[in-house]
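Presented sequentially are two complexes of chain A, the first with chain B as partner and the second with chain C.
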Partner chain A sequence: MADKPIKGEKRFFVTGNEVVAWAALAAGVDIMYGYPITPQNEVMHYWTRLAPKYGRKFLQTEDEISAGFTTCGGVFSGARAFTATAGPGNTLMQEPMSMAEMMRIPAVFVITQRGGPSTATVIYSQQEVTLTCFGGNGEGMRVVYSPGSHQELYDYTIKAFNTAWKYRFPTFVLGDGYQAKMRESLIMYDPEERGIQMEPTEMIVGKEGTPGVDREPAHLRNTYNTEEELNVVVNELVDAFWKAAPEIVEHQEFNCEDADIVIVAHGVVTRAAQAAVKELRAQGKKVGHFRPITLRPYPIEAMKTAIAKAKEIILVESAEGQLDKIVKAELYGSQIPITPYFRPGMGITAEEIIEFINKKG
Partner chain B sequence: MALAPNMPKAWRAETKPHKFCPGCGHGLILKALGECIDELGIQDRIVFGCDIGCSLLSWDFFNADAIQTHHGRTTPVLTGVKRARPDRICIAYMGDGGGYAIGSQHLVNAASRNEKVTVLLANNCNYGMTGGQMAPTTLPGMKTETSPYGRDVEATGNPTQGPEMVSAITPEGAYVARGTTANLRQLKKMIKKALETQLNGTGFSFVEALSACPTNWRTNAKDTWNFVEKEMTQYFKVGELKVPGEKEGK
Partner chain C sequence: MAKEYKIALAGEGGQGVQSVAGILVEAANDNGREALYIPNFGVEQRGGVSIAFVQIADEKIGSPKFKKADIVIALSDRSVRRTAQYVDERTTFVYDSAIEGIEEELPKNAAKVYAIPAIDVAKNELHPRVFNIIIMGAVIEATKVITLESAKEAIEKKLGYKFDQDPKLRELNFRALEKGAELVRQFNK
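Our next item is the complex of A and B:
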């Protein structure tokens, strides 16, 4: 059996789904649980081809409810475990995701957004932002990364396992159908050789010794009897989340220092926004771009600094205002006007952004 | 606190007396399970999952690692544990609503995949915890909160035959039985065989136990036992349906 999936650094030209499978292997993932749905399928296809060579496991479940709950089970037993889904599968998986929030289960969920609502398209969208950040009957105590390139898909898939196990919150890699299916070049590496220490996992149940004799039994709750009892637990959750948030938040900014207009966009749309900024700057326009990498928790402090001198935000997303809602809530009290450029379920090019901004004058 | 001498060792004294209603069948099933854990000496290897339903009240019942899951989702959580850690003995404990209604897809698929876990299901002909609604196992004509005029099988179907269904879809090597809290010795034997099946790794193991819910049945002690022994057994035949190494149809 081969030991390390990736030795040293290697250049690849592959699809995003293949990137995720390799990243999970490199991160030392023990087991994947999953149910077929486009555009996520090839994560499982590559995983099932690669995993046995490295002694890793896979279980195809009966649906996404089960995929989510079996993933939680795997994590309880101390495994580095993940699943991947999209669209209606993401909807079904909210139930186990909310259990993961409540019980601080460090499970990793890879989401490849497709068109919605309902079955819609299997192609692309950014319409699962609200669901992924705030789905389930909970408070959104989740970490959500929104990568914008295959390199980032690799980097943040690895990072997701470390964030999950370090802070004990369910962690999401929010990709999309374009990233899932398109080929792009990137460098894969062994995390350790890059100085990235994989956060150790821990058996949450099944530790050594006889419970009640050698150790206390692990009696894991998610049900409470009184309002007061629950309130204490939720407050602890919320406190832990916001305490960790400053260490978790990530963003990128481009030419924001003197920008009159700041384009806010996430995921693959950042690519169009970055290209648009270059072109508009060449035309002499003072345009910048702010890109949240974590959608949850949101890098609001960095964003406030980035837009400090701006006169306007242009919010660009392939959804009818899902990032927009987050931004507006986070910016509460600010007077800066926010102009929407929403294209639910459709890709957005740099040219379209440039034209939109130029037409506005 | 010391356990009374006739209580299983695996029971957790601090959480006794238990929280079930007087006369409830859950406590009896868990007593049988506790004795099996003792006899097999597997207390340090158990991962016990409890469904939402009155089975939830068993979450701190044993000195064993236990996970409260969601209504119907105990089978996949324990399947996930077992797949990642095959050396653990995984027991999913649930009610008939949890196993046969909301979680039926998990039961059916765990059974057909022959997952090496043990599912223990309390059949009390109703949704106990939520106040006595009709369950898949409610008997024809039986009154519940959502079948106040009696279960109409034309409109709502016949009682689910769980072990018969599981037996039909599991391969050789699985263990499937229906026991009753009215015969604890036999029920204990069944649970023990189910756990042995998991220990031997030959297949899925499933035991349904006929169990009383006097609170929602609104029965006194005599009528409660009468219902378990006479009424329920008309639809739910007690016995083993599948035993590893034995011919079927026994």
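Our next item is the complex of A and C:
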């Protein structure tokens, strides 16, 4: 049996779904649970072909609810485990995802957003931001990374397992159908060779020793009898999340220092925003771009600094204002105008952002 | 070759546009260039127009899809209609001269419009199976995104196992590639 899936640094030219499968292998994932849905299918496809060569496992379940719960079960047994889904599958999986919030289960979920509502398209959107950040009957105590390239898909899939196991919150890699299906180049590497230590996993259920004698009892609950009891638990959850948040938040900014207009965009749309800034700067326009990499928790402090001198935000997303809602809530009290450029379920190019900004004058 | 090329290849399912796109970007990547390829895909199992969106450049590429292409290749009547939206005054529009009834629908705003007899050449001179390789030759001649030599290496990589069984197939594919390039070259003179 081959030992390390990736040795040294290697250039690959593959689809994003294949990137996710390789990244999970490189991160030392023990098992993937899953149920097919486009455009996520090939994550499972590649995983089932690669995993047996490295002694890793796969379980196909009967639906997405089960895929989510079995992933949580795998994690309870101490396995580094993940699943991947999209669209209506993401909707169904909210129940196990909110259990993962409640019980601090370090499960990793890869989402490849497709068009919505309902079945809609199998192609692309950024319409699963609200669902992924705040879905379920909870408080959104989740970490959500929004990568924008195959390189980042690789980097952040590996990172998701470390964030999950370090902070013990369910962690999401929020991709999309474009990233899932397109081919582009990236460098794959063994995390350890780059000095990335994988967070150790541990059994959560069935630990060694006698509870109360050799160790503290593992008190795993998602059911409470009184309002007061639940309120204490949720408060602890919320406190732990916001305590960890400053260490988790990530962002990128481009030419924001002196920008009059700051384009705010995430995920694959950052590529269009970056190209637009380059071109508009060449035209002598003071335009910058702020890009949250974590959508939850949101890098609000960095954003406030980035827009400190700006006169306007242009919010660009392939949804009808899902990132916009987060930004407005986070910016409460700020007077900066926010102009929307929403294209629900559609790709956005640099050319159309440039045209939009130039037409505004 | 510093220019960034945006290429839209469109045809009926089975005409092989996705495999042409796949080989093209593999070859570009092997030559150390940046390439990005995304197929259009929907819920249908078969039928419908199949489009491949390809970009090749020297630097990392922006959005996966684009509004306007540098070159559009349309291989069926429906593809001609479907791809009109990707054409502007900088676009070279290439279609097969065997497609009937689309004269009125050819894009009027294109920089250049080439009709090439690829279907006819495949059927009568070479073999219908290498139709997509003829198209690949045409794309390469029109864009120069890679050399014919590196295209041959990429084809070898992809189909070498078949060529080993039947060396005549290698010759057929390479001739198809050259022929495709030739069909466009006569316009570029």
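Going forward, the second predicted complex is superposed on the first by the 351 of 361 C-alpha atoms of A that agree within 3 Å, B and C clash if a C-alpha of one lies under 4 Å from a C-alpha of the other, contacts with A are read in each partner's own complex, and residues count from 1 in each chain.
The definition used in the following text is that contacts are C-beta pairs under 8 Å (C-beta built on N, C-alpha and C of every residue); 3 or more make two chains touch, one makes a residue touch a chain.
Source: prediction; values computed, not measured.
Contact with chain C, but none with chain B, is seen for A:Ala350 once the two complexes are overlaid on the shared chain. When both complexes are overlaid on chain A, the residue A:Lys359 reaches neither chain B nor chain C. Using the contact criterion defined above for the overlaid structures, shared-chain residue A:Thr121 touches chain C, although it does not reach chain B. Once chain A of one complex is fitted onto chain A of the other, the partner contacts of A:Arg183 are limited to chain C, with no touch recorded for chain B. Using the contact criterion defined above for the overlaid structures, shared-chain residue A:Ser149 touches chain C, although it does not reach chain B. In the superposition on chain A, A:Asn222 contacts chain B only, with no contact to chain C. Within the superposed three-chain model, A:Met99 lies in touch with chain B and out of touch with chain C [touch as defined at top]. Partner contacting the larger number of chain A residues, of chain B and chain C: B. The touching residues of chain B, when paired with chain A in their complex, are 12, 43-45, 47, 52, 56, 59-60, 62-70, 73, 76-85, 88, 105-106, 108-109.
Here chain C touches chain A in the complex through residues 22, 25-26, 29, 34-43, 60-68, going by the rule given at the top.
The residues of chain A lying in touch with chain C in their complex are 13, 38-39, 119, 121-123, 149, 178-179, 181-185, 268-269, 271-272, 274-275, 347-352. Remark: chain A residues 30-31, 33, 57, 59, 61-63, 65-66, 69-79, 81, 95-96, 99, 203, 205-214, 217-223 touch chain B in the complex.
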